[in-house]
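Both complexes shown next keep chain A, but they swap its partner, so chain B is in the first and chain C is in the second.
On to the complex of A and B.
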């Protein structure tokens, strides 16, 4: 390799062992067995398997591209590397175009979130915690598949923090504005719920439900559906902001270094475009992962909607009821079923299921009792997707000889648990994580995703500053380098 | 809380020490460049991405012109990121080698 050429892990690596190939085959075989076995038992499990295999593709792509939103923010602010931020923008552009096409066919499962300050606050808490864990919600899943026990700790702490947070009251109730309580009390709620008790219940019923949400295509008043989805939702809400962000990142984090190496080129727009394009294509892995994620995420919406039509349902709860599985449904006989790439809520359900088995009553709150239910893991189609993200990543890591069981140090474990708790709280306040509240929203014309991203970036920046101080302090005590 | 977590951690996990270790001058084989004398080898195995990146940044800044540095990491995200950090610190990427579950990144400080 010539000196000065950037070559990362692409085309480098030891050939994987026969044992790893067999392990990868075993993981694929397990998921195939689950899919085929459940389909043989009941054809309606096809709906679950659709989630499963899209999750598998996400896991493979995330691992291949080392795709993590924590890394996007952290690397940009901590070490000035835009690789991951660029990959995410590529995925945003692609996903938005595919989503627009899917929406146009009438097969989109997306619903816009309410627009409010909560997105910024939730994003900030999530982004701050994400820096300490070393991975975003999806990043932690795929890193678990690579063998990272620290990432698994993040997944657990994020899940249990959410499950507990949506149910607790007590001292947290003191933080509830009186207007939320009054608004929640004014709504006719089922008697089983205590909507005027508990911070999160009052947050939802007294604040979130009073907010309005709409897509940019709707806000701009396009009568033509093509213009509404392709110009309003995709171009205005996703592509143009992504291009602006790429230009800003190029200007502040890439241009100087690139110009130093290409001082011989004549100044002008052509040179600037060449530099910008060099940034976009600098990491092949990340760009490819962004492309695959964007396309798969859009395609999943189409497939899930097609399956809903096939089975004549609007929510997986109806499917479960028809299959005779009624335990764990919400009081509206629904379960969490977004129909697109999403993480955190299903993991909260998994944790709530465990806590319920231990005797906790988590069904007297809006989040579980009224909206999402607490289905058993095997009856939770979206949780199948989370498991298969781990599986897909594991297969990819094994085939590339990159799987390694890694136990954390005590310090890293504590950061993982603490950061995971913050990510859990942030994802509930923000009504989603880096995927559900950002990636899936901005690409479907919902501007609330950019509010979450702004908060996540600000929280991430603050987290990097804090962590930088902490690391500097620690490293100052360590042995000096041998220079 | 910490007093509660610590004994569980000691029992459950084979936790290693938390710091990076740095060794002094040693010969390293870098594909395409032959045997080089690395001024420092920074072992960041087991570290989180951010710590790996920040420790690398610190080493790159501290290295004198001409020094060859070996960075050892098993954090794939960092292994992917570090080569892109180098230009901003006046360093060149000599190569990356995958050995026994870890990646060795070789860097030369050009001093530009």
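On to the complex of A and C.
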């Protein structure tokens, strides 16, 4: 093994069994069948399949690199391991460069989020919760593909928590500032949305909609489009902050261990750079996953925009309408359709669809009723992406002999559900999760993603403190040796 | 299923965290290794592959040696770690 390269569990694993190869082939075959079958029925299902196959690639990459933002923050603070934080910074750099190129072609589907304190608060709630679940929003999807029922519980609790949170009022309404209510009332919303009732409606209409968002390239006033996207959006908003963070991580989490093994090298910038480079290349799997994710996420924006042009649409709602599927559209005849890598909102839609079938009215709020709709899962192209993230991960796990159906203990299940609920609340307050509110934003020149990351880091740090306290307390009672 | 952390013999301990997912195995491993003296070994039993990646990196940073690795057909991983 080359020095400094982290050996992976794959290398000690057994050769892939014939049964696992067949199972992996069956999963691929299933998704192929879905793609080809639906395309044969209606060529417009190509739009759905584009989401599906990008999700499949994301799932494969996430599982291969064990790519998880919960791990990035939690392992850094809990066990001093920077591996995943490094991988994510690599992905940020690459995705930002590809995004800049895609934006320059005029085929970017990205829109900047408003800048506000909500990103920090949402990130903190999300980050605190994800320490307990074992995975971020995408991490839980790929771990579901590895056979973890606990991860599936996280996905469910995150989804249902969002669906319920965006609709409830009652006691929560007491927490709404009067200024939000007044601002929401002034917007002349359709009466059926009852926009001055419900915490989340007033949060959106009375607070978020009053904020402004713009990319760094726009803020810096670059007239030249190339400078705007490559210098403003990519270099200033993504690459430089990522390099600074990599330097900080090296200084506080990697340098000491590396210097212990390389004490013979003369001090100076060359030694420090060698150590930094060793950290960046330490986990090949994570780095490769970051590279593929960055490239695929950028390419997806280009492909989705190209398909929108092909079908003459600006939103999948128009496609569904043309296909005769009108159930579940928002009052603007739209559905959630970001056109790039995203999780959580489509999962909230899936949960809302189930709750609606059980008799709940979830269409009297802005989130579902006006903005995103509640399409049936099979008529929700973005949800196809979430399903296929699980499928792609399952294929990789099977091929690496790492698939194992694991049912959680009651303790793990409670952590998963509790943490998942917090992640759901955090993702709604933050207008996205580790992907939609961080990864996809910072890489497209939107500084709001760094606010979400700051909150997520603070929440993660606090979560690790709590978790350490809880484990020590538990072991002091249960293990003769204690901890 | 409870976490098992026991002394097997002189200088040898076992930590069994089967059934636990991230972040439990790596945090328990870190805390167990903190209990050991230099040169003592920890036999770690777990079944969450992604925790393995973090444990490898943690051992590299701390200078602890993973002297043995095995994986059985049930996907259970058994590692022996010698404290630096």
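Everything that follows uses one rule, which is that the second predicted complex is superposed on the first by the 470 of 483 C-alpha atoms of A that agree within 3 Å, B and C clash if a C-alpha of one lies under 4 Å from a C-alpha of the other, contacts with A are read in each partner's own complex, and residues count from 1 in each chain.
Here is the rule we go by: a contact is a pair of C-beta atoms (placed from the backbone, for glycine too) under 8 Å apart; a residue touches a chain by one contact, two chains touch by 3 or more.
Since the structure is predicted, the reported quantities are computational estimates derived from the model, not experimental observations.
Partners chain B and chain C, once the complexes are superposed on chain A, run into each other and clash.
Once chain A of one complex is fitted onto chain A of the other, the partner contacts of A:66 extend to both chain B and chain C. When the two complexes are overlaid on their common chain A, residue A:78 makes contact with chain B and with chain C alike. Of the two partner chains placed around the shared chain by superposition, chain C is the only one that A:151 touches, whereas chain B remains out of contact. In the superposition on chain A, contact of A:475 is made with both chain B and chain C. Legend: residue contacts after superposition of the two complexes on their common chain; A:263 is shown touching neither chain B nor chain C. Using the contact criterion defined above for the overlaid structures, shared-chain residue A:413 touches chain B, although it does not reach chain C. Contacts of A:178 after superposition: neither chain B nor chain C is touched.
Judged by the document's definition of touching, chain A residues 6-9, 12-14, 66, 68, 70-71, 74-75, 78-84, 131, 134-135, 146, 150, 257, 260, 282-283, 285-286, 401-402, 404, 406, 408-409, 412, 467-468, 471-472, 475, 478-481, 483 lie at the interface with chain B and also at the interface with chain C. Touching chain B in their complex are the following residues of chain A: 1-9, 12-14, 66, 68, 70-71, 74-75, 78-84, 131, 134-135, 146, 149-150, 257, 260-261, 282-283, 285-286, 401-402, 404, 406-415, 464, 467-468, 471-472, 474-475, 478-483. Those residues of chain C that touch chain A in the complex are listed here as 1-7, 13, 19-24, 26-32, 34-35, 47, 49-50, 52-54, 56-58, 60-63, 69-71, 73-75, 77. For chain B in complex with chain A, the residues that touch the partner chain are 2, 5-6, 9, 13-25, 31-33, 39-40, 42, 46-51, 53-59, 62-64, 67, 74, 76-77, 79-81, 83-88, 92-99, 101, 103, 108, 112. Across the complex, chain A meets chain C through its residues 6-9, 12-14, 66, 68, 70-71, 74-75, 78-84, 131, 134-135, 143, 146, 148, 150-151, 253-254, 256-257, 260, 282-283, 285-286, 400-402, 404, 406, 408-409, 412, 467-468, 471-472, 475, 478-481, 483.
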